[in-house]
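These are the structures, in structure tokens.
You will see two complexes here that share chain A, one where it goes with chain B and one where it goes with chain C.
Presenting the complex of A and B:
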């Protein structure tokens, strides 16, 4: 099966529109303003998903889908926020499970409307099923099985209370396959030349899955490099390949101050890579790397240390890609950034946005165990070049 | 005499919400939790109006509406649904519903829909 990443973009827009409708319905029901923070499609293995959701306790509602779209959709929120939600619903405190179930039913109904109207076919929802789940058990059935699945994920944040919802949709391959299967030509010809207009974005599904594994390996390399340079024990908490609107990426990094390094990638795929630490994490990691105490937490010495760390991490990240894809990828010298999170990555997104609206984002969270520090790696490859490289990978 | 209403929704929360909205101005003759109960309670109580959820277990609201209208062509049914899909709405109207309201609903929407239907 070939996946057209532009068609996947259209699906993502539908998911985003659906999430906005769901947010509107939840706002009406709870009297609290909710906004859609992020909508993205993940290509992830069951193992990746299990790791991503480890340690979370969730309450939610799931519905089965049949008709225009087959699969399952889930609305979930942190169990600790259950009382906050119930207090917002008329009679909610006494209705408990029934109230939550109906909230999920209404929100998921809103989420699916856009998809159904786009498809021109009704999507039948099964009666909602309430659940309380640990870890990845929150995900739709089947998400953890198999080598790789598409999972649409939207996060809805309340603006005035601690109430965040996530919507997950795992489409079965049937009708969804028709939506995303590439109608364009392969990204590369049998002779190895790029297609006529370099416009094709159709890639084999298996290659996406391989690339997702590759991203994970790159993340592990990057974490090892931090450990080597700082002496801190590291672990990769999250590593996922997601397909998201580029415009949403800065908001994901957030408004807290961050420091780190950004790079331009040259080769196939070209693109950008950002290695970002929350400010306090950056200071702690730099401190662990420097042999002497410094007066300024993020002064010149720390900047140099973080640039060197970024250099080594970037190499660790992209070397694996280049080896497997059979290409050469080089990176620019590190550019140190220290600013509000969104501002550190906005220039990269702006440059890539000249070529594409959506992008594959590989986000990796690396945790250090000796000190409290967290590092997020955002890789933003050019979609057409990545498609060509993945296409070659499938033929080799 | 107050309009007699049957509420059919599998969610207790939603039935309570509708009851709160309607009580005082309408007479609630019963509450059904699925499509089969809705059909049986319709036959038992002969209400002037049914507020019918679409997605319900055992038998959904569209099937229940079709069955009620086959036996009672003058029955009035308003669909209450969390889905605003055009195709679903067409199916509801085809089944004979007089109108529909999309959840979450506010009291004025419910009263407007009832005012138009009854």
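Presenting the complex of A and C:
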């Protein structure tokens, strides 16, 4: 069974469109501007999801889906924002739970309209159910059970108040797989013709979860190498493989100043890798690596230290892939960056966008114990080359 | 067209001296500028590979410009402004340019001019301000400078003059396109200037 990564792209676009409709409905209801920040499809195991949601408390509304799409969709927000949300809703605090339920109903209705149009089939929503949940319990039923589920996730940010929503949709994997496989055949043919039949972006369905575990292994290697080099204890906080519109990646990195290193990858797959620290984390890590105090927190010596660290992290990251994929991947020397986070990553995204609109993004958060430092690793592989490598992997 | 919070609320905050005290209905656009903070008005975020047009007092913003360019166009007389955040120089001939024209400088500027036209601007009165196009990395062969060059070519072809620009160099930028038609450019170190 093969799926085209571009069919995932189409699904992603739908999820994004749906999220925009939901944002519009919520804006009307609350009188607050809301923008869709990020929409992504993640391929993650239940264990990964449980880890990445640990410690969060959420309030939300879930609905069951039947018809054009089977599964469950959830609108959730942080429990700490509950009062802020209620004060914006008609009826306000006194309405409490029923106001939230109504919001969820409207937003999720908007979200699903886009999908129903695309599928040409109505999607029936069961009556909304209000919930309060700890950690990953917020996710749709079944998200934690499988070891390679598709989870569509959109984050909506209020531009003027501190209010963020997330929408999660988990399609039942059997029917959804048939759905994207169904969309794959024509997509591959069309793509093949357009590119002279030389490239394909279809990969075996199962290899997506293989790749997800690959991403995890790379992250663990990178973290080990930091520990080796700095003597600091490290752990991988979150590691997820997501399929996102490349244009969303800079927004995800954010506008805070970051420092770190970027690399070009050559081989199969080629692409880019960026290791970004917030300024204070970068300074703390560099400080831990340097034998003496420095005058400037992020001066030349710190730059050298971070480049060296970037080198070993990147080697660790891509060695893990190359071993599993049975390919050779090499990386360029590190290039030091220190600027607005989104700006540092925008040229990488632009280069990759010459060939593709969507990308697999592996984001990993690595946390060091002892000093407060955290870094994010963004790996951006070329989708065609990745598809080819995954394809070979499944044949062997 | 834009969802904004600028509901012309009666102004109970301290008002500067010019107290004919009435609401904005008879004000010409120039009189409204310079008010306290844009946060009271709508703020429209323009993402990477997106564009937006406004006919009201909204502020258009786009952040994290590295090699990307922001093109801000205004027809002051009509009070119509638009902002584009493009990622790559040339979309002509590409299949994705149809689905996402704002990703590219050439198709993006064409779409922006079209959208401004639709919103009541006269394309012959448009003025352009340009920011971004930095050369952030050696790895990525001058995509920033190529973007800037392309902006010049496409605007020239469209007959739109560039009245100010803050481009190139190796710095990231965030921009805000204010209702007075000025483009406020902020660098990573917090340095801000209006062009």
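The definition used in the following text is that the second predicted complex is superposed on the first by the 375 of 396 C-alpha atoms of A that agree within 3 Å, B and C clash if a C-alpha of one lies under 4 Å from a C-alpha of the other, contacts with A are read in each partner's own complex, and residues count from 1 in each chain.
Operating definition for what follows: contacts are C-beta pairs under 8 Å (C-beta built on N, C-alpha and C of every residue); 3 or more make two chains touch, one makes a residue touch a chain.
Everything quoted here is computed from the prediction, not taken from an experiment.
Asker: Touch test for A:80: chain B only (first), chain C only (second), both, or neither?
Answerer: neither
Asker: Touching A:332, do we find chain B (first), chain C (second), both, or neither?
Answerer: After superposition on chain A, A:332 lies in contact with chain C alone.
Asker: Look at A:29 in the shared chain and tell me whether it touches chain B only, chain C only, both, or neither; answer first, second, both or neither.
Answerer: In the superposition, A:29 contacts chain B only.
Asker: Using the touch definition from the top, say if A:54 reaches chain B (first), chain C (second), both or neither.
Answerer: The answer is neither, since A:54 touches no partner chain.
Asker: Contact-wise, after the overlay, does A:106 reach chain B, chain C, both or neither (first, second, both, neither)?
Answerer: first
Asker: Please work out whether A:357 is in contact with chain B alone, chain C alone, both, or neither, and reply first, second, both or neither.
Answerer: second
Asker: Chain A residues in contact: does chain B have more, or chain C?
Answerer: Between chain B and chain C, C touches the greater number of residues in chain A.
Asker: For A:125 in the superposed arrangement: first (chain B), second (chain C), both or neither?
Answerer: first
Asker: Need the overlap of the two footprints on chain A, from chain B and from chain C, as residue ranges.
Answerer: Touching chain B and chain C on chain A: residues 28.
Asker: Quick one: in the complex, what on chain A touches chain C?
Answerer: 24, 27-28, 31-33, 35, 159-160, 194, 247-248, 250-251, 253-255, 257, 262-264, 272, 332, 335, 337, 339-351, 353-354, 357
Asker: Under the stated contact criterion, what part of chain C meets chain A in this complex?
Answerer: 3-5, 39, 42-43, 45, 47-50, 63-68, 87-88, 95-96, 99-100, 103, 134, 136-140, 143-144, 171-174, 188
Asker: Of all residues in chain A, which touch chain B in the complex?
Answerer: Residue positions touching the partner: 21, 25, 28-29, 63, 68, 89-92, 95, 98-99, 101-102, 105-106, 108-110, 112-113, 116-117, 120-123, 125-128.
Asker: Would you tell me which residues of chain B are touching chain A in their complex?
Answerer: The touching residues are 10-14, 16-17, 20, 55-57, 81-88, 91, 103-104, 106.
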